[in-house]
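Each of the next two complexes has subunit A plus one more chain, namely subunit B in the first and subunit C in the second.
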Partner chain A sequence: MPRPQRLSDATILLLLIAIVAVFSIVTPAGTFLSLSNAESILLTASQLLILSCGITFLLIAGGLDLSIGSITIFSAVVVAKVMGALAGTAAQAADFHYPNLGVAITVAIVCGLLVGAGWGAVNGLLAVKLRIPPFIATLATGGIVLGLASVWTNGQNVQNVPLPFQSSFGLGKLFEVIPWSIVIAAVVTAVFWVVLSKTRFGLHTYAMGANLEAARRAGVNVRRHMVLLYVGTGALCGIVAVLDVARFSTASITSHSGDALSAIAAVVIGGTSLFGGRGRISGTVVGALIPAVLQSGFVIMDVQPFWQNVAVGVVLLVAVYVDQVKIRAQERT
Partner chain B sequence: MSFLARTHPSSRRNPMKRTIPALAASALAVCLLAGCGGTSSADDAGGGSAAGKKIVMLLNDQFDPYYLTLVAGAEAEAKKQGFDFSWQAPSTLDVASQTQLLQSVAARKPDGIIMSALDAKAMIAPMKQVMAQGIPIITVDADVADPSARLATVTSDGEAAGRLAAQTMDKLLGGKGKVAFEGYTPGTSSTDARLKGWQEGLKQTGLEYVAERYDATDLTTIAGTVSAVLKRYPDLAGIFTNWTNPTLGAAQAVQAAGRSDKVKIVGFDASPDEVSLLKRGLVAALIIQKPGDMGSRAVSDLAAYLKDGTKPQSVSLDAVVATQENINDPAVSAYFYKAGKK
Partner chain C sequence: MKDSADLAVRVRGVRKRYGHVEALRGVDLDIAPGEIHALLGDNGAGKSTLVKVLAGAVTPDEGTVEINGVPHRFTGPRDAQAAGIETVYQDLALAPTLPPDANLFLGREPARPGLLGRLGFVDRKAMRAEAATHLRQLNSKIQDLGAEVGSMSGGQKQAVAVARAAMWGSALIMMDEPTAALGVAQTESVLELIRRIRDEKGLPVLLISHNLPDVFRVADRCTVLRLGRRVLTARMSDVTSTDLIRAMTGADTLSPTGERAAEPR
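Our next item is the complex of A and B:
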């Protein structure tokens, strides 16, 4: 079984450090290189990072999920609707008064996670039971899920999210220092990191991507494992949905449309192979930070916004090329 | 056994390979699925020569509250006139899909079409073709460059609205300070016009225009951009946004930076969450066009034409400014976009 390699982690980390260094030099002092800007960058990257953790597992195991943006939107609609409906009557909400706030928030979060996991299960069953290639299965569910969310909301942002959810959680910080979105992204990343690198579950994930048949013969329940990966990725969409509703106090149908491709790009930039079997969460962390760093740096430099897309594309190409070179080198030995 | 398009270890190098040919077919299927529309039959409406006449509206976007309010206005008027009204939106926003949609709608021989032209030049030829079949077209929101390609147009003057935004910002800031813009990626005529008006309007003021940024629709991305702009200009005094999502994203970023009392946001559109931000003082003003009026005007023009051939006058509707002071004034609040109803 090919082990994850350290080379691309180091390469991509060096690249991130180089980008940060360049931006720090060319921007006015105290703008790009400052604690508060680091906080903004992490806040922007936090949602992508959470989704990318799920995609890392899926790609390593030989799966794929193009529906994560749509599942996030659908879950966000569920969270916003449930929270708005349970917190109080429309008249009370109009006065910003919410008698059942605690219950509403708890139930809404649970519903959001369950719905996300549920759509993940649908993806898993389509890929495993019906044997539809995940590329197609999740492309289709992505369209279906987004379509259903649009039909449900009539295409409009969901209103009446209780304001305290935004003021205390969405804008709130742990110990008044670190925004909750960043804390949650860090916890999720840590958990996925440990599971992937230290547990039997992580080992099985690598084994499946490296050689599915061998993993099956070695006794791994590959079908159940793959379904679980999709369920987990769906649940992560639920978490992102909760964070999204908390930050913006609404569920926007038009957000997250590019999430699936952004997450795949981040994961691949981080050294995970698109062909399965190799990858690490540490690389994914770096890969998910790069777009947010480029965005912040380019805006502060007053560079034309479109250059950010160009830069991310170039980084992606370089990362995949390095990956291909490594695979070829491996096959020669 | 294999559920991943891989049966043998030797084929493990490229699981994607087999899925590629299926991609085109599937993308097509999703596009078809994603295409959207709605109908409302008006069988119960009585009398009038318009009764039972079929009109179809082509919409640019099925999500933007601005367009949904436009449909709502048209639909209400159509019901009053006794039209059989339906609307369609293309699954992707490009000239090719709008042309295709227009042709397939025209093939069903409606009595009239109301549409927003996605491109002022490229849509001329396909629209002329439909007009030549005897189906009258009225453009709403976005017109074409050649007046003979449609019967009339009802637009909302986006440039004037953009100039109004600049004047409003000037008033809010007392004539001085640094201002920035965050809005929709250029290439859509309605939002482009607002930006152009804002740029022109600013020249008449003493405000310093320091940053102009664009993003697509994602709220997180928008908030990230505005956060960086706030970082770059610690003394920024105002931000103008040219549609709903940047208004929401900018308000979030300004709040997160703890600068709600220093940075005035002049937003655009009047979706319910924007109105809520205005009520709470997190947005200083909203520039509101009148999409509902636009929709109903287009339908009543079409009704008059179908009745006795009256050629409608093209009009351009103005915009209103909502602030915390006039938020309860019915003359203003009447233009807040309707939530959740078609």
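Our next item is the complex of A and C:
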């Protein structure tokens, strides 16, 4: 009997390869198919990929998080504010002199991760302890967290980020070759892939989404497990916030508001079931690359890049339809 | 009656009250080693509460439970599992999107040796090999051990759930209405599974069922509960289904220890 999951993985990978092939043919040589463009595509996809790793776990376990964009924004504000405040006085900053730069960056990164994880914990407790459906719980916290970030900043971007953070880290590269953002996304993806496919924690994540009661009866601490997934996803938002502040040298209040839906789309396109119990990180990687590849191709072809949204929407519909056909086939037996 | 140490399970005077409803009113139960013992009773007779007591899901207000002569007091399902009792619930409690091996080992996955094991890495190879062995031992007709359990037939799902119980149980396997949702052929294979647990693994099975024909075909002895008490324990060969229905409905008064059934007929 063929395993439907494998089939879907292959289908979506073929789709990605087809898109790349088409763009490679229709664009001038050395534009789309070039190392520099590959780097730019990966850079664009890296943040979405990091967030999508968390969403993959949550969807497989039967959870959901619509607040990741808001948590990312809030964490970015924390990172920017803490870094700006600790690096030096306003007068020093005006001269681009930052006496406490090392401490400021370290503390800001730790704060960003902790705040992201903290909001994740709030989501987890709402969903697990108060048993508010995660769709509503995280929709609400998303609004609350974004609202608080906007109130805190008066809706303005946070500007006083020390410049060296952008020049050495945000625009810096590992061995002068690979941007840090891509390196970190690759590490996060590798870790999440290993945990999901090789460990007890990963197996329990699948079991919870497949049959929560069965997992509970088998002795899995399903409440703690679910809270941990939300905390982990929140911490990933903190990582993305750090990368974002490093890249743009500012904490933007608007930039990430669509992240939750983009990540869910990427994860579902990658073959993870909205109904839980099924999914893979490898699929998520492909799902997160598709929007960036489309965007890059359209820009090079001088087509309006907004077509990317249209294309991703269509692919998403097809992916969910295939998922449902699979579930119905299973329920028939 | 045999010495208590000779019994696989010996329940005495177990009471359980929910508010002002007394689900169990001093119930007794004796299960001999290696026998298939049917637990019968009308709805509300206390069957499922008694099963929950033995599964550790319910803590009794009074009474004793001995497993192979050792007194136990379960405060959770883990306690009952540690005492070697496994339960196949009516809903089977399977994870449909996972393959059989992951279901057999759910919650008890073997760790990889060494550092990786301590980091939570699972030994999937060992899981698959052991799962294959156990399913073969029960003569199950599962061909593809990589397929999702959800894509299997009702009988195959039942086989996975039963294999899991047989794999981990060392004192008693309890099965709650295992044939209720199955067709004729699948019922047949599940009854065969139950016999195999007894014959291959030497484990006693407590079978909760409404289906008297099934019970007569597979059980060695039975106990009938009514209104939270035992009204009859007998060898299947000593009773007729009319006797059992009478005992269940209370149409005929029997002594609580079931002496009447022991009378020659």
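The rule is simple: the second predicted complex is superposed on the first by the 328 of 333 C-alpha atoms of A that agree within 3 Å, B and C clash if a C-alpha of one lies under 4 Å from a C-alpha of the other, contacts with A are read in each partner's own complex, and residues count from 1 in each chain.
Here, contacts are C-beta pairs under 8 Å (C-beta built on N, C-alpha and C of every residue); 3 or more make two chains touch, one makes a residue touch a chain.
No experiment lies behind these values; they were computed from the predicted model shown.
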item	value
Contacts of A:Cys53 with subunit B and subunit C, given as first, second, both or neither	neither
Which partner, subunit B or subunit C, touches more subunit A residues	B
Which of subunit B and subunit C A:Ala80 touches, first, second, both or neither	neither
First (subunit B), second (subunit C), both or neither touched by A:Tyr206	second
Partner chain in contact with A:Leu274 - subunit B first, subunit C second, else both or neither	first
Touching partner for A:Lys198 - first (subunit B), second (subunit C), both, neither	second
Subunit B versus subunit C as contact partner of A:Ala214, first or second or both or neither	both
Touching partner for A:Ile184 - first (subunit B), second (subunit C), both, neither	neither
Shared subunit A contacts, counted only where both subunit B and subunit C touch the same residue	210-211, 213-214, 276-277
Complex contact set, residues of subunit C against subunit A	77-78, 81, 89, 91-98, 102, 106-109, 111, 119-122, 144, 146-148, 150-154
Residue numbers on subunit A that touch subunit C, as the complex places them	1, 3, 195, 198-204, 206-207, 209-211, 213-215, 217-220, 273, 276-278, 329-330, 333
Subunit B-touching residues of subunit A, taken from the complex the two chains share	27-28, 31-32, 34, 36-37, 40-41, 43-44, 47-48, 62-63, 127-129, 131, 133-136, 139-140, 142-144, 146-147, 150, 153-157, 159, 163, 170-171, 179, 210-214, 216, 223, 226, 244, 247-250, 252-258, 274-277, 292, 295-296, 299-300, 302, 305, 327
Subunit A contact footprint on subunit B (complex, rising order)	1-9, 12-16, 18-19, 22-23, 26-27, 29-30, 33-34, 36, 62-65, 68, 211, 213-221, 223-225, 227-229, 231-232, 244-245, 248-249, 252, 255-257, 271-273, 276, 280, 339-342
